[in-house]
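These notes are about the structure you will find just below.
Residue numbering begins at 1 within each chain, and the chains themselves are lettered A, B, C, D, E, F and G in the order written.
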Amino acid sequence: MKKNQSYSSVFKQLETIAEKMNKGDIPIDELGDKVKKASHMIKFLRQRLKSVEMEITDILKDLESDQASQTREEERDDKI
Amino acid sequence: MSCLTVSRLNEIAKNALTLAFDKEISVVGEIHGLKIHAKSSHTYFDLIEKAPDSRDQYIAKVSCAFFKGAYNKWENSLRRQGITAFALTDGLQVKVRARIDLYTKEGRFQIIIHGIDPGYTLGYIAKKRIQTIEILKSSGIMDMNKGLILPFPALNIGLITSKGSAAYNDFVSILRKSNYTFNVALFNANMQGENTVNEVVKGIEVLENTPFMDAIVITRGGGAKAELFYFDDIDICKAIARCKLPVITGIGHEIDLSVADMTSYNYFVTPTDVAKFLVSRADEFWNKIEQVEGELILASDTIIKDSKADLSELASMLAITAQKYTSQAINNLKSLASTLGSNTINMLSTKRQHIARLQEATIISSRYVLQTQDRVITELYLYIKQGISSIFSRALSSVSTSILDLSRANLFTITQAKTTLERLHTMFNAMDPRAVLGRGYSITLDLDGRALKETHGVSRGDRLTTILYKGKIISLVEDKEPI
Amino acid sequence: MKKNQSYSSVFKQLETIAEKMNKGDIPIDELGDKVKKASHMIKFLRQRLKSVEMEITDILKDLESDQASQTREEERDDKI
Amino acid sequence: MKKNQSYSSVFKQLETIAEKMNKGDIPIDELGDKVKKASHMIKFLRQRLKSVEMEITDILKDLESDQASQTREEERDDKI
Amino acid sequence: MKKNQSYSSVFKQLETIAEKMNKGDIPIDELGDKVKKASHMIKFLRQRLKSVEMEITDILKDLESDQASQTREEERDDKI
Amino acid sequence: MKKNQSYSSVFKQLETIAEKMNKGDIPIDELGDKVKKASHMIKFLRQRLKSVEMEITDILKDLESDQASQTREEERDDKI
Amino acid sequence: MKKNQSYSSVFKQLETIAEKMNKGDIPIDELGDKVKKASHMIKFLRQRLKSVEMEITDILKDLESDQASQTREEERDDKI
C-alpha cells in the first residue's frame, strides 16, 4: 500500500470491498486475498489515525503548555 | 255811756288784767326783737308763737319787759345754779315766769318777767339739735362737706361773719400778719339774733358761687351757749353740708360742738384759730413748695440726667447693635463664602470620584471582556478537542465496523457457499439412482438406453432393460397400458 | 421730626427700633436708614432735654431772684 | 451686579447657589462661572456691608460729637 | 482433481452437472458416475471453503489482536 | 478631543462607553481603542476639573485677600 | 496567519472549525492541518487578548501616573 494514500480513499476502498463482500460479489477464490487486503487497509487506517492523533496530541500539548506558560506568566505578573 | 279818758281807760284795763292774772304765770314762746334799754338797762322783747314749720310767720305776740332788778336776780340765780353763758337772744325758745301788766302811758299790754327757766330752753335746744342731726344723718349728707378737698393752700376765703365784729377783726388781722396774700371775700351777716340763720344760709349760697373761692369760713365771736342754737339749725347745717366748697367754722363754742361744726369740713373754737389754721396751711404749703422746688430741681436734674444716660445708652446700644449687625452679616458672608468654597471642593472631589469609578469600571469591564474572551477561547478549544476525539472515535468505530462487516460478509459468503454446496450435495444424493432403487424402485431403459417415463414410444416386443438396486433385467414388451 | 412730638412717644419709637435691632429684625438694607432715624431721634430727644433743662434753669433762677427780692422786701418791711 | 440690588435678595441668591452646589446641581461646565458670580456677589455684599458700616459709623460719630458738644456747653454753663 | 483448480471453475462444473442431472440430460447409467464425480467436487469445494474460512478467520483474528494491542497501548497511554 | 467640548457631554460619552463595556458590547478589536478613548476622556475630564478647581481656587483666594484687605482696612480704621 | 486579521473574524473561523469538527465534517486527512490551524488561531487570539490587556494595563498605568502627578501637584499646591 502506498504510504501517501489518503485515509478517505483507503476507507472508501475498504467500504467498497465490504459492500461487495456483503453483496457476495466476491468469488470465494478472491475472498482470502480481499480480506487480507482489507485487513491491510484497516491496519493502514489505524496507523493513520494513530499518527494523526499523535500529531494532534502534540499540537494540543503545545497549545496547552503555551497557555499554561501564559497563565504562569500572568500569575507571575499578578504576583508582581 | 260815760266817756273815759285814755288814761282812765288804760287804768280800768290794767285793773281788769291784774285782777284776771293775779298770780304769776308761765308763758312759753320765742324771743323776738330783744332790746336792752340803753339808759335803764331793762330788757325788752316780744314773745311770739310761730305757726308750726314756719320761721317767719307768727300767730301771736306779746311784749315782755325784763326789768334790770329781776334780770340781775335771775342771772344771779343762774350763776348760783352753775349755768353760765346762757344769754337771751332772738329766736330763743323760752319759758318765762311773769305777771301781766299794762303800761298805761302807752296803753300797751305786756308781761313783766320775773325769771326765765333755763332748763326749758336748754332742753328745747338739745331736742332741736338731736332732730337736726337725725335729719342730716338720715338724708346722708352729714359728712358730705368733709368729703371735699381743701385746696392747698387755701388763700381765697369766703368769710361769713358780721363786718367790724371782733371775730372779723381777729380773723382778718391774723391773715394780714401772715406772709401770704389771702384774698378774703366778706359776706356780712348777723351772727346773732333771729336773722342769723337766713343770712348765714344766704352767705353760703353767695360765696360758693363766687369764683376762685377755696373755702368758706363761718365765724363769730364768743357768746352764750344759748346763742349757738342757731348753728344747730337744720337750714344752716344743710347749707353747710351741701356747700360746694369746704366750710370751716369758728363759732366760739368751748364745750359742745354745734351741729354746724359737726357738718363742716373742719371746725375751730375761735376765728383766730381758723385764721391760724389757714396760715399754718399756707406755711405748710410754702414749706412744701420750697421742699418740692428743691425736689423738683433735684428731680428734673435726675430726670434729665437719667434721660441723657438712657439716650447715651440707647446710642451706644445702637452702635453696638449696628456693629453686631454688620459683624454678624460679615460672619454670615464669611461662612457662606467658606461653604461655597467647601461645596465646590466637595463637588469637585465627588466628580473626581465619579471619574475614578468610571475609570475603574472601564478597566474592570475591559478586563472582564478579556477574561470572558479567554474563557470562550478555552471553551472553544475544549469543544475542538471534543470534536477531535469524536472524529477519532467515529473513525475508529467505523474501522471496527468495517472489520465486523468484513467478517460478517465473509461468513455470509462462505456460509452461502456452504449452503449451496450442501444443497448440491443433497441434490446429487437425491439424484443418485441407487438410493431410489434401494427402496425397490427400478429404472426401465428403452432400446436407446433412455429411461422410460411413459408408455408412449414403447411398442410390443421392444426390448427393455430394467435396472434394479442390484443387477439388471432385460425383458420384452408384451403389452402397454397407457394411463 | 415734628417739633410737637412728645419726648416719651419718640423715646418709645427709639426703644422699638433698638429692640428690633437687638432681635435682628432689621434687614441690612434698612439698617443705615434705621440708624439714621434713630440718630435723629436721639438728637431730637437730646434737644428736648436740653431745652427742658434750660427752661427749668430759667424758672429756678426766676424763683431764686423772686425769693431774694421778697426777702429784701420783708427786710424792708421789718425795718419800717 | 446692579448697584441698587438689595443686600437680602443678593444674599438669598448666594445661598441658593451654595445650596445648589451642595446638592451638586451645578454642571462642572458652569461651576467656574457660578463661583465667579458668587464671588462677585460676596464682594458686592461686603461692599454693601462696608458702606452701611461706614454710614453707621459716621452717624454714630456725628451723634457722639453732638453729645460731646452738648456736654461741653453744659460744662461751660456750669462754670458760668 | 488438480489442487490449483479454482473454486469457481469447479463449482461451475458442479453446477453444470447439477443442471444436466436436473434436466435429465444425463442417462441413468452415467448418473452414478456423475454423482460420484460431483461428490468429489463437493468435497473439494468444501475443502476450499474450509481453508478460505480459516484463512479469513486468521486474518480477522490478527486484525482484532492488532486493534486490541493498539487499544491496550492507548489505554496504557491514557494511564501515562 | 476637542478642547471646547463640555465636561458633561464628555462625561456622558464616558458613561456610555463604561456601560457598553459592562454589558460586554464592545468587540475585542475595538476594546483597546475604546479604553484608550475612555482614558483620553478621563484625562480630559480630570484636566477640566483641575482647571475649574484652579479657577475656583483663584477666585476664592481673591475673595479671601479681598476680605483680608478689608479686615486690615478695618483694623487700621480701628487704630485711627 | 495575517497579523492584521481581526480578532472577531479569526474567532468566527475558529468557531466554524470547532463546529465542523463537532459535526464530524472534517476528513481525517485534513484533521491534523485543521487542528494545527485552530491551534494557531487560538494562539493568535490569546496573543491578541494578551496584547490588548497589556495595552489596557499601559493605559491604566498612564492614567494612574497622570492622576498621581495631579494629586502631587495638588499637594504641592496645598503646601503652598
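The working rule: contacts are C-beta pairs under 8 Å (C-beta built on N, C-alpha and C of every residue); 3 or more make two chains touch, one makes a residue touch a chain.
Keep in mind that this is a model prediction, so the values were computed, not measured.
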Intersection of the contact lists for subunit B and subunit F: D, G
Averaged-CA centre spacing for the pair subunit G and subunit D, given as whole angstrom: 66
Separation of mean Cα positions, subunit D and subunit A [Å, integer]: 99
Subunit B-subunit G separation of Cα centroids, rounded to whole Å: 91
CA centroid of subunit B to CA centroid of subunit C, Å: 36
Per-residue multi-chain contacts in subunit A, two or more chains: 7, 28, 31, 35, 39, 42, 46, 49, 52, 56, 60, 63, 67
Multi-partner residues of subunit B (at least 2 other chains): 315, 318, 322, 326, 329, 337, 340, 344, 348, 351, 359, 363, 366, 370, 373, 381, 388, 395, 403, 406, 410, 414, 417
Every chain pair in contact, whichever chains are involved: A-B, A-E, A-G, B-C, B-D, B-E, B-F, B-G, C-D, D-F, F-G
List of subunit D residues in touch with subunit C within their complex: 6-8, 11, 48-49, 52, 55-56, 59-60, 62-63, 66-67, 70, 77
Subunit B partner contacts - residues on subunit G that touch it in the complex: 7, 11, 14-15, 17-18, 20-24, 26, 28, 31, 35, 38, 42, 45-46, 49, 52-53, 56, 60, 63, 67
Of subunit C, residues touching subunit D in the complex: 27-29, 31-32, 35-36, 39, 42-43, 46, 50, 57
Touch list for subunit B against partner subunit A, complex: 378, 381, 385, 388, 392, 395-396, 398-399, 402-403, 405-406, 408-410, 412-414, 416-417
Complex contact set, residues of subunit B against subunit G: 356, 359, 363, 366-367, 370, 373-374, 376-377, 380-381, 383-384, 386-388, 390-391, 394-395
